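Listed next: structures, encoded as structure tokens.
In the two assemblies presented below, chain A is common to both, partnered first by chain B and then by chain C.
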Partner chain A sequence: MKQYQVSAAEKKFIGSHILVAVLALAVGSFFGPLQAFEHAGWDFYIYLKPFIKSYYQGLTVHGVLNALVWTTFFIMGFLTFNVIFGLKRPLKNIVLNKVGFWLMVVGVVAAAAPVLMNEATVLFTFYPPLKANPFFYLGLTLVVVGSWVEGWGLIITYLGWRKENPSERTPFVAFASLVTFVLWQICTLGVAVEILTMLLPWSLGLIEGVDPQLARTYFWFTGHPLVYFWLLPAYISWYAMLPKQAGNGKMFSDSLARLSFWMFLVLSTPIGIHHQYVDPGVPPVWKFLHSMFTFGVFFPSMMTAFTVVASLEHAGRKQGGKGALAWIGKLNWSDPAVASQLLAGILFFFGGIGGLANASYNVNLVLHNTAFIPGHFHLTVSTAVTLSFMGISYWLVPYLTGRKLWQPKWATIQAWTWFVGMIIFSNSMHVLGLLGAPRRVPLGLAPYVPAEWNSRLFQVGLGGAILFLSGAIYLVIMYMTATNKQRVESEVEVPIAEAMQDPALGPAWLDRWAPWVYAALGLIVLMYGPVLFDMIKNIALTSPGFRVW
Partner chain B sequence: MAKKDKEDDEFRPTGTIAILAIFVVTLIAIWATIYMILVGRGGTTL
Partner chain C sequence: MSAQNIHIDSYERNWMIFSFVLLVLFATAVSVAAFGMGIEVPAPEQRVDPNTVATDPNSPWSNPGLREISAGKYDAYILARAIPNWEYLPREMTVPAGSSVSFYVTSSDVQHGFMIQNTNANFMVLPGQVSKLTVTFDKAGTYNFICTEFCGSGHGVMYGAITVTP
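The block that comes next holds the complex of A and B.
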């Protein structure tokens, strides 16, 4: 059966997102290895002094461009594609989506300029009282508002589809993409309020001081669900695309997949205070409650692990795989899109474990603000998410451009080098954290480094070097693919794995929005209402801004 | 509409259960290791 045809204009629009994402990754990734090299004692920043003034400026460029820009643009493009292709209909109002996209682009330029000019060396968390140039905050605001506008464009497209198909189940890839957008719309209210009511007027001189505790609480209202905004698009691919690519497998359970997305929507926002266990201004009772609900997210995470692995096992057994684990070898490892995502999933196995340790109220005291934390999130956002997105781009870019993937073997090598580099880098960061090494510190310059850290610091540099090589291969493949003169013989098949059971036979309540959205909002009010009310009632806009760079 | 094949009916994700069991054992081992570090650093004393 011929697949749904996405229009050329829409392909170009989606491709524009991927282009901005990859450009951000190119610049941001250049600085990642520089942090790692610095830890190993190889300080390249001294050679970059005319352009990059400090380790912290490089760290800010790396965090903002990779964690915020690469992810957000790739996600907006990929989810826009999913909604169009899933619903089999064009965008209802592409102008609205384009307005959103350009707001985001203007926002990125506005935020990146002061970062590159050393006027906003505040790291990607931009905690006050570190004070950035107003354009940094304005730019971030535009990125968020632009993403909202794009999301509204997708929601009205869905409403148009629903009007014509009142009793049909929403196709999974469109459904899951829309849930991700709604999660984003809700959770970004925290950072929007933080910037608009405090940071922007403060940086413009309209108010004299800021309340760092309240600002941090607003930030983590957004900051933790941001992790799920990154992860859910990768999950969509793992659930609904990867089984097909890995061996013509089927999604094990459409209902479990839908339920897990609803649970992520409900549970991922009202748990942000687990990032603030050592903040003195947050009462312990709220830290405890948020820690308990954080463990609630373990359930949809395990449901995801079960369903995705079962779907892959189905694919592996269809290819003749036997035994408890030998079917893994029968998956289509030679396809770089598959290898990337399987390797991303394997490392996420350990990322999930580290996340549970971070979330534990007691155990967190060993890990808080140590190198364990960047070690952890390089397994999540930098591997589960980034390596998956790289894998997705290995079929999506040829699909969008009509050009053949350049050197698929090199793409597979890229996935493996990322995997090996990340194991070396992340493992040594985890161990350093357990040994007490702080995060966000140029350890190459620190006079207190004990001898037992040295071998691990070298491994951080080694892992960073391999990751740098892998990132460079990815960028070359993307460039060569986008300009490849060899065109695909026929349109690339979009890999959609059908579910084992007809989704129409699943419970109807899994396709109803109101109870889940009300539950998400209700839980936010319960879990954040009292603590935010108290903080706002006792707001202390007293801290002046600091420029420590 | 998805077809439910006979082989789908017979499919039992035994390998998946094995992988998740390994995951849970690893999780407990790593969490307990960090917990023992906490205790070893005097985390139980005021």
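The block that comes next holds the complex of A and C.
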């Protein structure tokens, strides 16, 4: 059976997202290893002085481009593809989606320019009263608004489909992509309010000061669900694509996969205060409640772990795999798209455990803002998400461009080097954090570093070097693939793992939006309403801006 | 149409029960540590005006430092600042072993952090807010306190020390 044909214009449109994403990754990832090298005592920033003024400017470039731009563009491209392909239906109004895309591009340029000019060295959290150039805030706003517009384009496409298919189950990849987008739409309200009511007018000189505690609370309203916005697209691939690629496996449980996406929608926003356990102006009762709900959102991740592993096991056994674990060896490890995502999943296991530690209320006292935190999120966003996206691009780029993946063997090497480099880097960062090393500090220069940290700092640099190599291989493969003269013989098959049980036999309430969206909004009102109401009532716009970099 | 239920495999059901029990155990452990053993996170203490907190003669941070409240009990008023030179005031304090010190820390400019090495004291320092935690120093030695939030070019050199004498 011939697969659904995505139009050439749509393929090009999706591909432009991937292009911007990879460009951002190229620039941003150049600076990642520089931070790691600095820790090991190899400071390259001194040679970059004419362009990049400080470690902190480099760190801002790395954080903004990798955590915000690479992820957001890749995700918007991938979700757009999933909605079109899943629903077997063109975008209802591609112009709307294009407007959103270009708003995002203009936003990235507007935000990146002051960062590269050292006018916005505020890191990717941009905590006030560090005051960046107004274009930085304006640019971020445009990126968010652009992503909303693109998402609306996807929603109207879905509504058009629903009208014609009133009683059908939404195909899983489209369903899960739409849930991810709706989550994004809800959670970005926090940062939108932060920028539009405080940071932007303040940076333009329209208001005198800001309230840093309120700003942090708005920021983390968005900041934690942002993590799920990154993660859920990787989950979509793990649930519904990877089992097929790994050995023609089926998705173990369609209903529970859907249920876990709904749980992410409902639970991932009203837990943001777990990033603020040690903030002075947030009452402990809210910190505690948010910690309990954070344990709650761990539940759908555990469900995901089960379904994904069970689906992979199905694939492994289909390929003749036996034994309790030996089937793992029968998975299609030689396919770089598979190897990347399996390795990403393995490291995510440890990322999840670290995340539970961070979320554990007073345990956070020994972890907050230590090197443990970047150690943690380099397992999650920088491996579970990023390495999965790299794996996805190994089939998606050939699919979109009709050009063969250049040197699949090198792509497999890339996945393994990322895996090894990240284990070394992340493990040493975790240990350093437990020893008391702070994050966001050029530890190679810090005067208080005890000798016992040195061997770990060296390992940070070593891991960074391997990752640098791996990142470089990825970029070469992407470039060589996008310009490959060798074309694929026939359109690349989109890997979609069927569910073991017909989705139509699952309960209808798993395909209804209203109850879940209301539950999400209601829980936000309960968990954030009182604390935000209090903060806004007692707002003190007393902090003027500082440019201290 | 017949009622449709989620089909849940028995292995999966067991896994979900296991997950749930595990999370309840974690939540219980955290609660016991917080409410039974008193390992608490910072609570709202006081709001201040960051523009005058370091200069107003009525503000304790206009004269930061250690005050002995009663035998072995101290209040430490500490000002964190990026301007002019990324430092804590005071930079150094000395207390005898066994002392209980309540730290009251605020900022006169940007956000900072305050983490005392080898203790559970670790919190954000925000302009306009006062962060408070109490630490009992049982063992003699030098405890560095360091800035854990990016506060500008000198962030990496911002630290101080508490000397605990035997």
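Convention: the second predicted complex is superposed on the first by the 549 of 549 C-alpha atoms of A that agree within 3 Å, B and C clash if a C-alpha of one lies under 4 Å from a C-alpha of the other, contacts with A are read in each partner's own complex, and residues count from 1 in each chain.
Throughout what follows, a residue touches a chain if its C-beta (ideal position, glycine included) is under 8 Å from a C-beta of that chain, and two chains touch if they have at least 3 such contacts.
Because the structure is a prediction, the values reported are computed rather than measured.
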item: Which of chain B and chain C A:Y277 touches, first, second, both or neither; value: second
item: Chain B versus chain C as contact partner of A:Y127, first or second or both or neither; value: second
item: Partner chain(s) touched by A:G58 [first = chain B, second = chain C, both, neither]; value: neither
item: First (chain B), second (chain C), both or neither touched by A:R317; value: first
item: First, second, both or neither for A:P447, with chain B first and chain C second; value: second
item: First (chain B), second (chain C), both or neither touched by A:V363; value: both
item: Partner chain(s) touched by A:I353 [first = chain B, second = chain C, both, neither]; value: first
item: Residue contacts with chain A in the superposition, chain B compared against chain C; value: C
item: Partner chain(s) touched by A:L325 [first = chain B, second = chain C, both, neither]; value: first
item: First (chain B), second (chain C), both or neither touched by A:F252; value: both
item: Residues of chain A at both interfaces, chain B in one complex, chain C in the other; value: 252, 302, 306, 310, 356, 360, 362-363, 365-366, 501
item: Residues on chain B engaged by chain A in the complex (per definition of touch); value: 1-4, 7-8, 11, 13-16, 18-20, 23, 26-27, 30-31, 34-35, 37-38, 41, 43
item: Touching residues on chain A, where the partner in the complex is chain B; value: 250, 252, 302, 305-306, 309-310, 313-314, 316-318, 323-325, 327-328, 349-350, 352-354, 356-357, 360, 362-363, 365-367, 434, 498-504
item: Of chain C, residues touching chain A in the complex; value: 4-9, 11-12, 15-16, 19-20, 23, 26-27, 29-30, 33-34, 39-45, 47, 49-51, 82-83, 109-111, 113, 115, 117-118, 120-132, 144, 146-157, 159
item: Of chain A, residues touching chain C in the complex; value: 54-56, 123, 127, 129-130, 211-213, 216, 252-253, 255-256, 259, 276-284, 287-288, 291-292, 295-296, 298-299, 302-303, 306-307, 310, 356, 360-366, 368-370, 436, 438-443, 445-448, 501, 505-508, 510, 538, 540, 542-544, 546, 548-549
